[in-house]
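Handing you a structure now.
Letters A, B and C mark the chains in the order given here, with residues in each chain numbered from 1 onward.
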Amino acid sequence: MASVSVRRLAVSFGHVKVIENLDLEVEEGEFIVLLGPSGCGKSTLLNTIAGLIDIEAGQVWISGKNVTWTEPKDRGIGMVFQSYALYPRMTVQQNLSFGLRMAGVPRAEIEARVAKAAKLLQLEDLLRRRPAELSGGQRQRVAIGRALVRNVDVFLFDEPLSNLDAKLRNELRVEIKKLHRDLGNTMIYVTHDQIEALTLADRIAVMRNGVIQQLATPQDVYHRPKNQFVAGFIGSPTMNFLTGRLILGAAGPTLDLGSVSIDLSAYGFARQSSDVPAVLGVRPEHIDLGAASPGHFAANGKVEIVEPMGADMIVWSRIADTPVRIRVDGDSAFRNGDDIAFHFDLARASLFDAQSGERL
Amino acid sequence: MRRFLSLGLIGAALSLGAGPALAQGKLRAEIMHWWTSGGESAAVQEFQKAFNAAGGEWVDAAVAGGGGDAARTAFMNRLAGGNPPTAMQFNTSKQFDDVIAAGQLIELDDVAQKDGWKGAVYGPVMDAVTRNGHVYAVPVNIHNNIWLWYNADVLKKAGVAPPKTWDDLFADFDKVKAAGVVPLAQAGDNWTKALTFFNVLLGEAGPPLYLKLFKDLDADATKTPEFKHVLETFGKLRNYVDNGVQGRQWNQAIGMVITGQAAFNFMGDWAKGEVVSAGQTPGNPVGCIAGLGHPAYWIGGDVFVFAKQSDPEAIKGQKLLAHVMLSKETQVAFNAKKGSVPARLDVDNSKLDICAQQGLKILSENKDVVKGFDLYLTPDGVGQVYDAIGQFWSDPNETTDQLAGKFAEILKNAKQ
Amino acid sequence: MQPRFRNWHVQLALLPAWLIVVFAYLGTMVFTVRMSFTSSKGIPIMDDVGLRQYDRLFHTDRWTISVENILIFGLLFILGCLVLGFLLAVFVDRLARFENTLRTIFLYPLAMSFVVTGLVWQWILNPALGLQANVRNWGWTSFTFDWLEQGDRAIYLVAFAGIWQSCGLVMAIMLAGLRGVDQELWKAARIDGIPTWRIYLHIIIPALAPMFITATLLLATAVVRSYDIVVAMTAGGPGISSEVPAKFVIDFLFTRQNIGLATAAATVMLITVLVVLMPWLYLQYFRSAPGARRAA
């Protein structure tokens, strides 16, 4: 049984349609990350699941119940916000217990739940403090605690870490991952940080303009992006794209880049079509230096720019006039103008229809 | 000794810019006053004409507002700043006592001597401008504050005659009320209620009790049955007003009598200005009674004082102005427009209206003439009387004994 | 050179400001207090009569009434403005579509001075001219609303007119505050299932505490200085039943020519304000320096 299921959802603000005909099935205990550029409708989708936005059409089911017209408090969800949204003048203790008190939960039960959440999130020493007296990380832990004490099946997170600095973000990310491991609840998590998405998610839903482009495991999204948008959105530095023409010749399929032709025999086609404009995507980390291995495409070029990044180094060169990034070891010593030879495995590359952007 | 505190360094520096008193051979004088209504400024014009004709140059410094409060405040400020105007209006009262005590006014003994003020000016008024044998102000007019105004047409319709006694008045009130007209038009300001109170005190009890109270400051007089009766009578008046008293100005109150909305109103003779400006002649239909039950004259009025100046030419101008203001011709011309009677009695009064004649008769008998209580009390004391009367009027729970106690307190304080 | 004199030219530039503070503010304050120990009437003199003016002050009905009135007026005015201003702000906030119109309507009275406000309400509430007279004209002849004529009621009407005039200001402040409330806070509260009125009461109002403090301070200064609205609306009447301290001071300073008593009253007002303000300043100081508190 799906834990959360969104069916044929449509949402609009005034005349602006933000989401149209969206389906999403989330399994029990699954950690789903909604990933996408700003304004693509991630928060809108999350708020719709929470019941904070009226929908135009479609249904929302949570734990087997149709909750489309149910009040947020009765949907069995807890939510954590980017701005923490803590009740400003209340202590941590009160922040955690206020909702329960309103719901008429017995006092002893409230205390037990608050104590449990506080222990889990290491908030025990902070219970007397007010939000203004807490650090950003502490505040977000309280916000998570407030969702925890509700004893619900589904947690919704709307960019909970984006107000924190990089170090805290990493720490808390691990904590959330542990929390999921320990509690086993369903979690839907919005972010536009792909590292968060890749590290946390069981499955990632990559969104664009209100449409889920691909819903798959992090490996699939990374290695077998469904279209050129997903390919370009995931991965840093961005994937290299080589635009040419797909030709299914007698000698096998090739991508004609004009001056250069790439043999695609080693590529695992998803579907075949001939003589169409196509784009070959190769991740910078999948290009190796040195002599070619069999089945790899090899090329020579000059170093144009060197970008050291600590552990790694990005070297810019060219294949048939198209600039390409190559990710090499950070200790390498390259200088502009050096001659280099490089190659990549076509089995790890992705080929897209240039017009539709779909994977070929 | 009282030390006059001069805040005046800056003021004095500023005043250096003020022009010389002598301009083109004329004696320049700046006169500060609060006569700004239509009839009042017409009267002031008479002074100005006379002074300019006598070789002076009248510079008008009228300050409107608050029945003279604003002008007096402005004068005090300029005095403290070392830049006083040449002449300043005050009521015939103790308002300028402080300024005399501070040694800020010139004496007019020589002018008074030369022009023979002593014989000509009405005695009590002359007393009011004299301190320790020195004359400090020119009296310019005499008002009677104690008048009962009534609308004869309204009385006729209600089938009653103008009252002769206070009992008559209350009988009239009841009949008028039954006829559907407001019996007594009363204004909201506390001083107007105080004026009504003094009508009762002087009309019902007569001048002796008044003098015992305010001249002798005899607190025991507040415990007499006569005074209690006065307070009770005053309290009874509250039953005959409409409930639009609060916020009503004195001219709106007399206006109710003029238009027949109300039958009676207690007000000083400046109310006549409203009668005249409504196109009526005093006496028809709005009649007047100076002191109901006991014809009396409570003299009020205005004076001018002259602040000390360093420039000898300025002092000349001040003395010329004092002379001109109290000369016979100016007095007649000024008072005809002002509605009051001249401060000197040796002028032709035949042209004055019927109400003024009634007042003059009392004045000339010189029997039931009293000075205003503001001549006996400081402005502070006057204010306490207003407060006490206003509070009594608006608080139905306050007893006459409580009010009498407050009067005793005020008189005791004034005696110190 | 000693470090504290290094910036002497800065201090020199600030000299005029210092002179103004010392003479214009402290100077007049000290002068006022000094005058309250003299017997000054219409003109300031420098004798010493000890506490005589204070003794008289506290035995003067008019002062006691003034103090009572300012408490009634102040309490009603501040509470009324805060409550009504806040409710209006919520109303406008919820009806965002008509915001501009509504805001203009509610802010309109603020464009009038207290004097005009006082006069307008004096006309409306005057039994002989305003509401009562009109309702009676329409046929309800027994209708009576003459609080303005009643000594023990008039001050409530003054407070009412004051609220009418000033609650728009509070609304504007509160509206700005409401707009500044994090929208996610609303969402969080809805998920917690908190009823709307409780969200306002327990979450929004506490979050708007700085707005309430600002508004209260603004209103409180208006209360202490309240003079013009009383003069225009009741002139302190009926009788002296709606007198207020500021009017007491001004009347005795000018009309009544008793500087000694007026400055005694002014001094009592000053001390009261300081006493009320002290704890607040104290709190403010410690709140702004939490480090100091923790270290202690």
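The working rule: a residue touches a chain if its C-beta (ideal position, glycine included) is under 8 Å from a C-beta of that chain, and two chains touch if they have at least 3 such contacts.
In this text, all values refer to a predicted model and were calculated from it rather than measured experimentally.
Of all chains, the one whose mean C-alpha position sits at the greatest distance from that of chain B is A. Closest chain to the protein centre (all Cα atoms averaged), using per-chain Cα means: C. Centre-to-centre separation of chain A and chain C, using mean CA positions: 56 Å. Rounded to a whole number, the gap between the C-alpha centres of chain A and chain B is 92 angstrom. Centre-to-centre spacing of chain B and chain C amounts to 37 Å, using the average Cα coordinate of each chain. Residues of chain C touching chain A in their complex: 182, 184-185, 187-195, 198, 202-203, 206-207, 209, 290.
Chain A makes touch with chain C in their complex at residues 47, 50, 52, 71-74, 77-79, 81-83, 85-90, 98-99, 102-103, 133, 143, 146, 150, 158. Residues 2-5, 7, 66, 69, 72-73, 76, 79-80, 95, 98-99, 102, 188-190, 193, 242-248, 378-380, 382-383, 387-395, 406, 413 of chain B are the ones that touch chain C when the two sit in their complex. Across the complex, chain C meets chain B through its residues 41-47, 56, 61-62, 65, 122, 126-129, 132, 146, 148-152, 154, 233-241, 251-252, 254-258, 261.
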